[in-house]
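Everything on this sheet refers to the single structure shown next.
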Amino acid sequence: MKDLRLAGLNTHTGRSTIEVNGVTIGGKEIILMGGPCAVESSSQMSQSAETVKRAGGKILRGGVFKPRTSPYSFQGLGQEGLSYLVQAAKEQDLLCVTEVIDTPSLDLVADKVDIIQIGARNMQNFELLKLFGKINKPIILKRGLSATIEEWLLAAEYILSAGNSQVILCERGIRTYETSTRNTLDLSAVGVVKELSHLPVIVDPSHAAGRRDLISSLSKAAIAAGADGLLIEMHPNPDVATSDGPQFLVPRTIYSIS
Amino acid sequence: MKDLRLAGLNTHTGRSTIEVNGVTIGGKEIILMGGPCAVESSSQMSQSAETVKRAGGKILRGGVFKPRTSPYSFQGLGQEGLSYLVQAAKEQDLLCVTEVIDTPSLDLVADKVDIIQIGARNMQNFELLKLFGKINKPIILKRGLSATIEEWLLAAEYILSAGNSQVILCERGIRTYETSTRNTLDLSAVGVVKELSHLPVIVDPSHAAGRRDLISSLSKAAIAAGADGLLIEMHPNPDVATSDGPQFLVPRTIYSIS
Amino acid sequence: MKDLRLAGLNTHTGRSTIEVNGVTIGGKEIILMGGPCAVESSSQMSQSAETVKRAGGKILRGGVFKPRTSPYSFQGLGQEGLSYLVQAAKEQDLLCVTEVIDTPSLDLVADKVDIIQIGARNMQNFELLKLFGKINKPIILKRGLSATIEEWLLAAEYILSAGNSQVILCERGIRTYETSTRNTLDLSAVGVVKELSHLPVIVDPSHAAGRRDLISSLSKAAIAAGADGLLIEMHPNPDVATSDGPQFLVPRTIYSIS
Amino acid sequence: MKDLRLAGLNTHTGRSTIEVNGVTIGGKEIILMGGPCAVESSSQMSQSAETVKRAGGKILRGGVFKPRTSPYSFQGLGQEGLSYLVQAAKEQDLLCVTEVIDTPSLDLVADKVDIIQIGARNMQNFELLKLFGKINKPIILKRGLSATIEEWLLAAEYILSAGNSQVILCERGIRTYETSTRNTLDLSAVGVVKELSHLPVIVDPSHAAGRRDLISSLSKAAIAAGADGLLIEMHPNPDVATSDGPQFLVPRTIYSIS
């Protein structure tokens, strides 16, 4: 693809690694990020952070500005939720990430979180992508619900070409006819992206599956497919950590089949 | 759908009609809107306007802020293009419509065009939808590339619930596995929307098909399916008007099969 | 497509019309075929035939060998149902069509019905297609649930190349992510087929929509798109004929938009 | 699903294992099956068998009756090809599997191969499924190109309810809008099937991806997701065995992430 001037593999020496306050994404370790979809309370976040820490996670996530299908659904706690997220991450010595949806929300979070996320619905909100290109923070760019891999990489190119080279791609399922999962996790995308681009790619099995019983097998599959990290829905629920919570933050070689 | 408090059919007496400077959308006449995808020059727009007029059209469209998959593609003429569009429409006594992609572009066009369009990629850009709810202009809301009809109506609900009742829905094809057309025009959507909502719905066969030879048959099919209007790619090309250009602006009864 | 040696438009002088005992498919008239999905009883078929006749239909359809997703679902009345279908068609001076699923069912129906149907699930049952190529009966070839138009035409090519030139294509909806209709009726397919092939094409809005309220608008749309006929689910239910039952068998010019 | 009377997990004690002449599918070992898509010659098959053996495979596959989209494409070597397959498997002490497409091909292969395959296009060829239910051989049932998991399990139910309990499910990619792979491998299906059914499930990454560079990562991912085996396109090409050919036939624990 001739338009992948900056995201393309052939325009770059080796693979990109992204350093965020001591955590390396795209390097030898598989990075686990976890937390609830929406920040709801201070205690929820404290417990979530503890869960993430115990599971070997390095990054706490939590949504405070929620893009919701219906205008009447809960739209997130905003600035108040942001403080819960930041505080909980600090308590457990975790980094934190949250989604940004427009200029005002970007202004609010830019100095407070370590990584900023662009949601699937905004993957082709090009004006927002350009804004992200002007800041100096790592960006997690989720694949759009029906975006081709080419469109996804070109969305990354918007951020890169506007000046920010710290883009982490995140596969989170695509829309298909199959209804037994919320979306269809496209693990081929991991390998395709690695063929085309030097950017790190992580996988979010939780949004894709929409059901908890598949998270463990899809997480292992994502790592085996070559993903650089996982973004997993984690509630402050002890049984998540004990039963579903393998130690994800281990050297990549453990997962290799040699 | 319980969340269709304002867009729902049962919350409204009869069907909505939208009056825009003497043109009624959703009424007895099928309204033709046409013009090029992107405004390129003054003469292109003058000729396009003439073509639209001759085809019986009432509304000239032309994109000046173009959301493009690649950051290196032409992004539109912006303010300069806007003046070409407005001038050309005036010459032929047509209304005009253009797409808006963010707050600055909205500020630029709000006083100059008659109708504002939200593109498919921004259908779930909820912050933009809320902005559109605060202005007093008709909005054409294109269906997202892989949006369900429910998600599309809930996007309309964002605009309505923010205070603007003038929403026109536009079916423009959905993403499927079939590759002989760019997207698959979903004409069932016209009927489904009419069952669920009082809002007018128009059809854009050009973006869906991505090939000119199907526009005539898909336009007729859209009208037969119950669409309130058509949005058609029209270049300033005489043969378009003579061969492909039926008189669309005719009373609805002509198209009825009785 | 180089493999469309017999189905291709450029290998044939003009469009094919298929004559079946006095009814011409692909000619100036739009042909209505109707009847229940499954034959259940003699009286059901008599009343269905009356309904079809009153609606202007020329062909009665009814399934007697039913390909069903579950082995525990009703699999059709077989030979007994066939006699109900044939008898009911005779009473109303209609032609009749039924689906065949294998060699034994073909042997049973070959001499008794006027047209034989291949269902969507068997569109790429190539051994069955070859069998159909050896008989001298018109074949309705339904598009597979996720077949591309190219695959569909190549399935027709199997029948043609085995010796039977009487193939009628039937668009019946494709599988997509949208759930408000059972499948998504692809009316662009009518125009695409007409560009590529000389074969007649009919449309089955009933299977596509899976809901009765859309049949009227989709039927009109199919005709406007250029379909040569309609295959409609019709129960022996008077209100179908009176409210939903326009006179379909009218000259094609009535539907034209000139 | 109430119709999964025999395929359902709750109707069975534990998971099914299928024993085929000393090889157990669904047990502690992950079984590798490999070979060319189409049998072309005796030497091709001898070399393929050697490749499969060297890669740790237990089962040689090769198609001799090929369901092809176009009637003008190579349809397989038939009986001649069958002897090459059987002979090559014998030389390397491998089992063998081939696809059957109708009654005559079933009659030809039934006594000669160890496992019989139903291709994706025939997944809902219910008459063929019933035939398979009457024989005493393990059946590999490929998922249809756009089959839901429910439809796939109900296709298995056809075989089981007709008397054959030896069904092995095979995920091989589903049809989606994404074009960078031939189909989209749905690895969530492995976990979903394991939740619903006791039947073993294998994965065919080759047909799904349609490109060799992804086979290694998708194979690992399939095993990590819980697949009981792999069906991989293997040409008699030394570099396949050396670079792409990990030792698949290893105890399952090696692949576990504990």
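We just call them A, B, C and D in the order they show up, numbering each chain from 1.
Assume a contact is a pair of C-beta atoms (placed from the backbone, for glycine too) under 8 Å apart; a residue touches a chain by one contact, two chains touch by 3 or more.
Keep in mind that what you see is a predicted model, and the values were worked out from it rather than measured.
Student: By mean C-alpha position, what chain is farthest away from chain B?
Tutor: Measuring from the centre of chain B, the most distant chain centre belongs to D.
Student: Give the chain pair, either A-D or A-C, that is connected by more C-beta contacts.
Tutor: Taking the two pairs in turn, the one with more contacts turns out to be A-D.
Student: State, to the nearest whole Å, the distance from the C-alpha centre of chain A to the C-alpha centre of chain D.
Tutor: Here the centre of chain D sits 34 Å away from the centre of chain A.
Student: Distance from the CA centroid of chain A to that of chain C, rounded to the nearest Å?
Tutor: 48
Student: Going through chain C residue by residue, note those that touch at least 2 other chains and give them in order.
Tutor: In chain C, the residues touching two or more other chains are 146, 150, 175-177, 179.
Student: For chain B, which residues count as touching chain A in their complex?
Tutor: 3, 5, 67-73, 101-103, 121-122, 124-127, 145-146, 150-151, 154, 157-158, 161-162, 175
Student: In their shared complex, at which residues does chain B touch chain D?
Tutor: Residues 146, 175-177, 179 of chain B touch chain D in their complex.
Student: Which residues of chain C touch chain B in the complex?
Tutor: On the chain C side, the touching residues are 146, 148-150, 174, 176-181, 184-192, 195, 208-209, 213-214, 217-218, 220-226, 246, 254-255, 257-258.
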